[in-house]
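Once you've had a glance at the structure underneath, I'll fire off some questions.
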Amino acid sequence: MTKPKKRINEFLYFALKNKRLRVGLSVVLFFLILAFVGPLLTDYKWDDYVGPAYHPPSYEYWFGTTTFGQDVFTQFILGLKASFLVGIIGGGIGTLIGVLVGFTAGYHGGMIDEFLNMLTNIVIVIPTLAILLIISVYLKVRGVLIESIFIGFTAWPWAARAIRAQTFSLRSRDFVDLARISGMKPLKIMFTEIAPNMMSYLLMTFILQFGGAILIAATLDFIGLGPTNAISLGLMMNLAVLWGALPLGMWWWFIPPGAAIAAIVGALYLTNVGLDEVFNPKLRKL
Amino acid sequence: MFKKIILLVLLIVFLFSGMAFAQVYERSETLYTSGTQWGPPSSWNPYNTGGYAMGTFGLCYESLFLYDPLTNEYIPWLAESGEWISSKVYELKIRKDVKWNDGTMFTAKDVKFTFDIAKTAAIGLSPIWNFLGSVDKVDDYTVQLKFNDPLYQELGWYIYNNPIIPEHIWASKSTKDVTSGIGENPVGTGAYMFEASDQSKMVWKKNPNWWANSALGLDPKPKYIIDLVNSSNNVALGQVIMGQYDLNNNFLPGIASIVDGGYGISTYFPGPPYMIAGNTAWLLLNLTKKPMDDVAFRQAVAHAIDVDQIVNVVYGKIVSKADPSGLLPIWDQYIDKELVDQLGFSYNPEKAKAILAGAGYKDVDSDGFVEAPDGSKIALSVVVPFGWSDWMESIKVVSRGCQAVGINLTPEYPDYPQYLDSKLNATFDMMICNDQQMSSTPWTYYDWMFQNPIADIATMQNGNYSRYDNEEAFALADELDKVKVGDIEGMKAVISKLEKIELTDLPLIPLWYNGMWSQTSNAVWTNWPSSAEDSNHYLAATWRGYWNMTGILMLCDLEPAK
Amino acid sequence: MSLKVKNLKVYYQTLKGDVKALDGATFTIGDGEIMGLAGESGCGKSTISNSLILLKPPMRFVGGRVELDNEELPIWDMEKMNDFRFKKISTIPQYAMNAMNPIRKIGKMVSEILKSKKVDFKSTLPELKRRLDLVELSHDVLNMYPLELSGGMKQRMVMVLSTLMNPSLLMADEITSALDVSTQKAVAEMLVEFRDREFVKSMIVITHDISILYQIADSIMIMYAGKLAEKAPTSVIINSPRHPYTKLLISSLPDIGVKYSQKKLTGIPGKPPMLLIPPTGCRFRERCPVAFQKCLNEEPPFVEIEKGHFISCWKEFEKNA
Amino acid sequence: MKQYFTRKLFIYILTFFIAVTIDWLIPRFMPGNPVQVLLARASLHAEAAKEMYSYYTKAFGLDLPLWKQYLSFWNAIFHGDLGTSILLFPQPVIKIIMRAIPYDIFLLLPSILLSWFAGNKFGAFAARTKWLDNTVLPIGYILTATPYMWLAILLGWVLAMVFPIFPLAYASSPAIIHSFSWIFIADYLWHWILPFSSLFLVMFGGWAIGMRNMIIYELEADYSHYLEALGAPRKLVRRYAFRNAILPQVTGLALQLGIIMAGALVTEVVFSYPGIGYLILGAIQNQDFFLIQGCFLFIIIEVLIANFLIDVLYIIIDPRIRIGMGGKSA
């Protein structure tokens, strides 16, 4: 294979050329910035009663107000932040576990593989909701952090499977054999020999986990298993439905959160495909 | 092939769902209600007090009397009259020509049976046997209740709250079936009969030969009453707006704007508070814990809460602020006004601070929150069940108010069982609670407020969760029970004593009156009850225990929309 | 003459511009001729075979004319070419090992391909079986999935399939590289056998392993940096090459007949030029021991200096002149 | 092959065992006492409550030592006895669930299968068809990224509130009692469309994208090139690529089931559609532990069965498992 440096330049080159990647990234970035700059644009807390109730979007309340006259924009911004937090932590943990399990399974094969496979299958089938239900009643206050961690610990199986398959194909390559012959420790091999050749793959896995985590979190929040002491995009939808925003025609309450999630996650997927095309010359279109 | 799949599935579906006949109910002769059932109809046992299908008691099973809380009058129902022929004997004249809807005649023996069965089976009526000696059937239409030590107020509650059941059907039931059987195919004396039920609804059909048609010239207008299982707020509100519910008894946020918005939706009052007050929402303080055990502290809390904000912002004016005595508007005559003026409380942060300071609560470590006189830190929580959205908002207001005066109080939302657990086992600091509905007598309120002995509270589940221990109060509550129904002055005398204790010791703090949520649509049915002079003043409520508080009469006054 | 290629130009499109992988090739292959095609990797030998049968992006047809049995091949037109592929011109790809659909029984796959080419499977079956026997494959393979076959078996299966329609031209691209010595030999001999039995009229055998060509090729064509360097009968190329590159190439080989290892054609100092902006004049000049002024400016043509012996080298032209 | 199945079976049994155990924990490990909750709901009179308390503690066997409760739970499962509902007291949980399940089957099966078929076909079709790839697929990305409930809310708002074309809630009009009659079927479908579409659309997007990305790899695979080299028509090449690309999509289906279930739950919630999902929410909100337990048990069973069917299907369509490698790739 060619020298890494040259490869990186090449990637950057294609990365910049790739339309999907450009669009995807810019959307994600836009919301990311919004999430972290936004709080400066509002001086309320998400549950402050700041104005008239049922107020449609206006100059002073950009996204209107809720049934109690809470500022929807504030809720939106903070919810956005929560979503990214879930994405990064949940997605991160999910990827990490997936990578570890996938690597070990794919690299060692045999009994270890068997066992990890079994574990994966089990985690896939067990209704995570049930577990969350038990956990949730034990925590007096559920925070975004707890939620993210939980999601991370339940969302890794498919990543593990994918990475296992990849490792399978890589472990037989000569450079790995070479390392093995030279008596390198398996873990070291995984991270010095195999991982670098899968970086692209790992990155994409993370992106998908990231998006997945956000969606799962939204679902949990919507059925009231989300944070009890903070706002989130899912919780916004939950409250909107709870307080009859549909029949009251308070579209400004339930449209933004869902739209944001769809946009972010969609953009992430788009980025993913873009990256795929960048990393995988076969898919490059000229 | 997809078609095949769908057809297959269709088949499966109908294998499961029974009901072989196609039945479509004519909209113009059907009354759609909702607000009582939180899940598919699952019980028609009138003694399954919290779970029987809407209307089981009231539409199907009936009581001896009706009670009209707005006029404080008893209306003879299955009983033509009830009189104290001696200080200890209450004689019931049973109405003649009343038939169970299976054709059997209804007689005194059914009444006797109903009372007797309460002796063996633990049902709502059972406690009457603590003071009831015997039930004797004089003749087919006369029953005498012989008391050892009559508790008039309590009896006054039972005679309109206890469903009379047919002996010829229930005699054969086991005790377990009586207390907690499903009780399918209910046989009652009422205006409606079981028609059908499925996942999402309960259907009642008019009983063509209901006794009251001839006896009282009453004729409920709807041929069918279909009660729909409660759905999420937005669905319920949507159905109301689109006139798909005629009568809805859910708490619907924003209903005020709908009523004003001219959707043909009305409530009892045309303006705030829109709803009749149905019960009082209390702030319970756990007297077994510091500093709640200090009356000064409780006073401070009482003055720190901005109830108006709860009323106006959280509820959008569909509830009203509670009187410091906590007694419902229907009991206004029992409220000792000057007593309240002199001992009552109102939102007044400055006063709250003053009280705290006076009692030695000072912010020693200047963290913005006061410490107890003994210097120990104060960090309290106020809880409501997670998901009870209006209460969740309300306690935010409560805690903000307390924090503003230096009391470190934070809202928490445990799941219901934890909430209940802390309530029953006195592990909470403060909580909101509204266990007592409106009734024929304030005694039910004080009985709940001063429930004793404290040791049994966890299992009795009938009040005094603050653990207020005051023999005098307990005695007064029992004394009130012994006052004759209708002896207003006698009641006032006792009640004002109770109020004095309540207001001085503040074992709990009344906040607002929860409404008897009731929104009605004029799309198909009109002439709903309202505060207007020319219309009837019954209760438009399908809630358990409300049909026999004139709900049934409301049905008879309905008129189809033109 | 079964194949005539005239001034064929095929470029590779890249973001940085066209890579002139095949820059004007002119040669012919006679009936029954097996032509070896050799050269360093990246010299454009695969480009020739690919462009002849499957010219698709990033490859771009720039110019030239290809005739097969005196009929022009529309190689620039993916669709039109389908009429020729398989029937008139066919290939044994480099990746023969996994050239077959993994989830289809081989027999089924063959029949489907034939059907798609409007050929009746039934009537072809006997011939197919005969050829399986020839390559020593049992008939059962038709009811097997590719993954049930060994590498060698797969290769032979592909050979049979590719030549089933008796194409006039068969291209075999590096088919031996993945195999061990003994199998290599066998496969090589099979190619000859196929020619002898006239399953295929003529062949282009692409390899960087000249020893194989020595065994089977009638003629050998040497390419360098997208240009033809020399073409002559095998013996000539081996014994008396004329082009300096060929000379170096051959001399760098150990004794003929000895199979030699991976390290190929690196005996020559220097590297081939970048084909993005190829140098003017002779493309070999930078590494050429005998290069002189003329090589710097003018590009040497590819001309026949003896019967069947073509080269492009100013030095040699001078000698002849 | 045989050993492959035995291994699979073993995994399934083990999974079932673990899942059920977790399921069993739900009511027991919840703080607060189910019976107290039940009585609080039943709002009985003081004395009555006292008696009921001891009665139900026995009835639910909550007075037994844990290990006994655990064993009797297994025993009960195999006798289809999942205890008594609190929310729908005194109905047995099993009955309640049985009544809800048809709604799920009718809603989930079509939406999953149709979206899967349609999505894959469409994805394969769109791949490498430039204008489609650049116009329609972005929509696919958005769809698959849309939270189920949000699409449901949106559809409900637009098609039921703003333009009242479809009903906003329930599985059939209140005016009609279930029956095998055309009026009812028509009414049923009319109520079925919105929840179905919101589920269908989201899943459709996912499958389309997945297939599109898969098939692009397959079209670049050696066997595809070889076919082209042999002048096989585009149709055949694509058919082969599709056949290969569908395999990961089948496994994908198995992986997705859990999420789909959650999606169905929230969709049913939005439309008050009386399936298991709606039941679960009600159970959660009302802390009906035994009902929650029962619902999850059924979900576990459904998912397991689905997974098993998919495994079988996979063996049928992928020879590589049938031959030799004994499930390594499953």
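Residue numbering begins at 1 within each chain, and the chains themselves are lettered A, B, C and D in the order written.
Definition applied: a contact is a pair of C-beta atoms (placed from the backbone, for glycine too) under 8 Å apart; a residue touches a chain by one contact, two chains touch by 3 or more.
Since we're looking at a predicted model, the values are computed, not measured.
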item: Connectivity without chain B (remaining chains kept where they are); value: one piece
item: Distance-maximising chain from chain B - centres being C-alpha averages; value: C
item: Between B-D and A-B, the pair joined by more C-beta contacts; value: B-D
item: Inter-chain centre distance, chain A versus chain C - centres from mean C-alpha coordinates, in Å; value: 50
item: Chain B and chain D, separation of their C-alpha mean positions in angstrom; value: 39
item: Centre-to-centre distance between chain C and chain B (centres being mean Cα positions), rounded to whole Å; value: 93
item: Junction residues of chain B, two or more chains touched; value: 232, 238, 387, 415, 417-418
item: Residues within chain A bordering two or more other chains; value: 137, 224, 240-241, 246-247
item: Residue numbers of chain D (touch at least two other chains); value: 30-31, 161, 168, 269-270, 285
item: For the chain B and chain D complex, residues of the former touching the latter; value: 2, 5-6, 9-10, 12-25, 27, 30, 32, 38-40, 42-43, 45, 48-51, 122-127, 176, 179-182, 196, 198-201, 203, 226, 228-229, 231-232, 235, 238-239, 242, 244, 387, 415-418, 420-421, 424, 451, 456, 458-462
item: Chain A residues touching chain B - in the complex, by the definition given at the top; value: 47, 49, 53-54, 67-69, 136-137, 140-141, 224, 228, 239-248
item: Contact set on chain D toward chain A in their complex; value: 7, 11, 14-15, 18-19, 22-23, 25-26, 29-31, 138, 141-142, 144-151, 153-154, 156-157, 161, 168, 209, 213, 216-217, 220, 251, 254-255, 258-259, 261-263, 265-266, 269-270, 280-281, 284-285, 292, 296, 299-300, 303-304, 307, 329
item: Interfacial residue positions of chain B with respect to chain A in the complex; value: 232-234, 236-238, 240-241, 252-254, 257-258, 309, 313-314, 316, 386-387, 389, 393, 396, 412-415, 417-418
item: Footprint of chain B on chain D - complex, ascending; value: 30-34, 36-37, 39-53, 55, 85, 87-91, 96, 98-103, 105-106, 109-110, 113-114, 117, 160-161, 164, 168-172, 174-181, 183-185, 188, 269-272, 274, 279, 282, 285-287
